[in-house]
Amino acid sequence: MEIGFIGLGHMGFPMVANLLANGYAVRVYDTSDAAVAKAVEHGAIVAQSLIDLAQSADAIITMLPTPAVVRSVLCVPGGVIANAKQNALIIDCSTSDPQTAVEVEALGAVAGKIVLDAPVSGGVQGAKAGTLTFMVGGSKDGFLLAKSILSAMGKNIVHCGAAGSGQAAKLCNNLLLGVSTVAVSESMCLGASLGLEPEVLAQIINTSSGRCWVSELYNPYPGVVKDAPASNNFAGGFACDLMIKDLSLALDAAHGTRQPLPMTSVSKQLFQLLSHQGHGDKDISAIVEMFKK
Amino acid sequence: MEIGFIGLGHMGFPMVANLLANGYAVRVYDTSDAAVAKAVEHGAIVAQSLIDLAQSADAIITMLPTPAVVRSVLCVPGGVIANAKQNALIIDCSTSDPQTAVEVEALGAVAGKIVLDAPVSGGVQGAKAGTLTFMVGGSKDGFLLAKSILSAMGKNIVHCGAAGSGQAAKLCNNLLLGVSTVAVSESMCLGASLGLEPEVLAQIINTSSGRCWVSELYNPYPGVVKDAPASNNFAGGFACDLMIKDLSLALDAAHGTRQPLPMTSVSKQLFQLLSHQGHGDKDISAIVEMFKK
Amino acid sequence: MEIGFIGLGHMGFPMVANLLANGYAVRVYDTSDAAVAKAVEHGAIVAQSLIDLAQSADAIITMLPTPAVVRSVLCVPGGVIANAKQNALIIDCSTSDPQTAVEVEALGAVAGKIVLDAPVSGGVQGAKAGTLTFMVGGSKDGFLLAKSILSAMGKNIVHCGAAGSGQAAKLCNNLLLGVSTVAVSESMCLGASLGLEPEVLAQIINTSSGRCWVSELYNPYPGVVKDAPASNNFAGGFACDLMIKDLSLALDAAHGTRQPLPMTSVSKQLFQLLSHQGHGDKDISAIVEMFKK
Amino acid sequence: MEIGFIGLGHMGFPMVANLLANGYAVRVYDTSDAAVAKAVEHGAIVAQSLIDLAQSADAIITMLPTPAVVRSVLCVPGGVIANAKQNALIIDCSTSDPQTAVEVEALGAVAGKIVLDAPVSGGVQGAKAGTLTFMVGGSKDGFLLAKSILSAMGKNIVHCGAAGSGQAAKLCNNLLLGVSTVAVSESMCLGASLGLEPEVLAQIINTSSGRCWVSELYNPYPGVVKDAPASNNFAGGFACDLMIKDLSLALDAAHGTRQPLPMTSVSKQLFQLLSHQGHGDKDISAIVEMFKK
């Protein structure tokens, strides 16, 4: 079985490496020759073009930066959906938006292709370790077909529901991540200003009703979690500007369903202030610097 | 060893019951005769007055509704601190504020009494089960003296630091609880509006970076956690108006240390809107009703 | 000189009436036959189609509900821009967004047509009275050509700058209107809760540093300004859902320039909460109901 | 008629100068000898003590920094209220809070003294020019007695209602000033980021529904209003930290009446962030620096 893989960025490359390590033939495409060359070194086949890739693959995976790029690769006349084999499985792992996912999958259905949205969580580390979570939207049959392929790259493959559900679940999770990061920063800084030792406070929170993934594993107060970005000068991790993108996608989706999201909205604005001050490429935990003495 | 216990409300009464069950002699005081009578049925001794209680107890525990009541019971001339035995241990389990705790403990020190602040988490259920968490502020020596007594009522007894640290830790935890409750409500309602099944979404969040105590054990979306207040018409649990009180104490403490708390502040205002609409006595998870279709 | 007018809604119809009253020949188009018939009664000529209108008019005015409709009318192959006379003046009076305006005007320039963005303020009353403000973006030459036409419908015709500037100015003004409406509501309700007479408070604000257009002419507290929507059960005026649209356009524009807008963002969310409670068609001043006892 | 004046700060001194210029005998008290000496140069009489002042004055004016200082000067046993002449008129011009004003005036009534709250707006410039606005709370009779005295220092003397109403009106006005300052900053910076000339945008806003005192006379965008603090490096004017104090008093008053104030609350937090970054002594218009490119 041959897999076509489009998008060899920070996430895409280690995902391809894991597919190769699991015995799949992988034909790759990227606008960067260097990225392609690196994948070839690991055993990938070069696609001459998107059309070449589309026509020869049994399953196609995309890992692209924005909904607009997803549409331009998959949906244009003469694009990947149009050229893919009949009944080909197309899995879009990009973080996109539910509306785009619904439209792409409808277009696929008309063309006789099975399209799924399957955004990931787990970051670059999870991609390297093959421990990503995939949140999959689309038909149950499609999901069952995709599961074994995705298992080569992740350990938690969840069917969220119909087309767009994977993107919806991702946005719902990430808005919580965004709000939690600000809230834990506020809590830790208030505690420190009142004389509490940050380590002691974190320990109390982590055994109480305020505990969360951020307070436990990604605490934004420097020094509390040794291998978190906050203890490494906010390097690596999840860039503030990417969080702004995800929160914006969540707010746009909410606008579409007329859903109020006041906390999400404030957290986006705080990250925007941080980015405005020149820290958009730092990890999201750098928001703690807005509150810390 | 005799313990004096002041304040036999929803929390105080089961705490007394656990002290009695662990073999302590407990002399009780409350402004409600009915509350006193009920404690006596369980084996408590009636205090004739606060002075009577203060003069005969080896250790005194207070569980009172506001910082102002704490001051009026403990600090006034002729009050409990003035009348307590030399070197008596006075443990204030009320949720108060760090500044009040610091002042009460300084007053105690001058009078030769050991005062600790030891607010709890775990709610009425934890009080009944004897599984409360105590966040203790005050001297290390005082903490060691208090630990065995508190162990009769809780299972997690943490020394947070100097006087006021217990209150500070409680406020820092509870602001996270408040923000999380709103944020999980926003996330769950956005997901539902986009067609996700609430149970599926909760499961995804709870294995991802958005997970928190609220999403796991206290999910505000009705039906997701069977024994949570949200699945019981928002009855029981932690009343919205009490959360407003705790968030206000946190914001006041932050005002004192000139600490910005934007998310905390917005969450207080949202609970205030909910209370303004007549739902101040419902559980905090009722905030989900502001967002749910 | 013949003017083609596309879009005969609440705003468009009285604008056409004023053009006719000032002696212009006006050819009209709308998807509603009733709207067209009403304009004809006032002396307008019926356009057989958009193409008919585009080919016969010397100047074309559009008054359409969304940026997407503007694009579909003006920009599609075979649309109004493509069919308009060489050097025709096309004035888009719709509230759109700066990016759309820039793109439409660039497309017009390529086709040899002069396009301006000229959104209005003043509402239906201003449209009827011919006292609208037009905020015009585009070339200075285009502005000078448009000025006499627009003067038939308004009294304040301002050149804001290059293409898109009219839309930008409109959004910047309307976000202030949105925030002010909420803020005056908070202020008036706080005052009332503290025992102030609303009329007295409004009078004090209106001679102090808190005064604004909303407090003076559009006070959201019922009874303070006799002919404001708030004194008429929040009927008429500027619908909450339209304000949500304008605030969203402002937030989207800000997202594009990476501009933080925290207050704007919170005001949008509060109007969204109001709409969510079923009041989206009421005047924006109905936000006062969220705060009023 | 002799007036006792307590508090000779930036506001108090020019107020005394205007009383003297209008022919009043003024006995002054301040903890700063230098401040007293300066007033004496202008013709004031030195009070030997607060008691001396209280016993000899027919009317007493206080201009003090916080509610706590007001209480300590007026309300303590042996304080100014206790020592003032029977039926003396005591006018508190400090910015305090409604609750303090109610309590002080009740205490005065018991002692047979007429107390009014009469906070001002107009700043140091208004104090020098004798053009302050006085917002007066207390009995109608007291107001009529005070009016001629206050007219020596201001031009707009408004009776707001019963005791505390002056403070309430001041807080309601100042929260609008705080919110407007942030909102105009957002609007101006969004406009600038979209290519609008700040002067042009301000002009459009000032003739549209977004206009307010801040946009017209105190525009936070540097250069737009030539003599505003924003055009003078944010020096002078109304210090950010004082605005934080006023917004806190408003939020505390709202907490007392269970009034939600979401926008006010967010504006306080944004000023707190500004202060946290080291700009607490700059004029409130410095908030524009958080948004400006």
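Residue numbering begins at 1 within each chain, and the chains themselves are lettered A, B, C and D in the order written.
Everything that follows uses one rule, which is that a contact is a pair of C-beta atoms (placed from the backbone, for glycine too) under 8 Å apart; a residue touches a chain by one contact, two chains touch by 3 or more.
No experiment lies behind these values; they were computed from the predicted model shown.
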With centres defined as the mean of Cα atoms, the chain at greatest distance from chain C is chain B
A student comparing A-D to C-D should find more C-beta pairs in contact for C-D
Averaging C-alpha coordinates per chain, one finds the centres of chain C and chain D separated by a number of Å equal to 39
Expressed in whole Å, how far the mean CA point of chain A lies from that of chain D is 52
Among all residues of chain A, those touching at least two other chains are 258-262, 266, 270, 273, 276, 290-291
In the complex, chain D touches chain A at residues 266, 273, 276, 290-291
Chain A partner, complex, touching residues on chain C are 248, 251, 255, 258-262, 265-266, 268-270, 272-273, 275-276
Interface with chain C, chain D side, in the complex: residues 98, 121, 133, 135, 156, 158, 160-162, 164-165, 168-169, 171-177, 179-180, 182-184, 186-191, 193-197, 200-201, 203-205, 207-215, 218, 250, 253-254, 257-264, 266-267, 270, 290-291
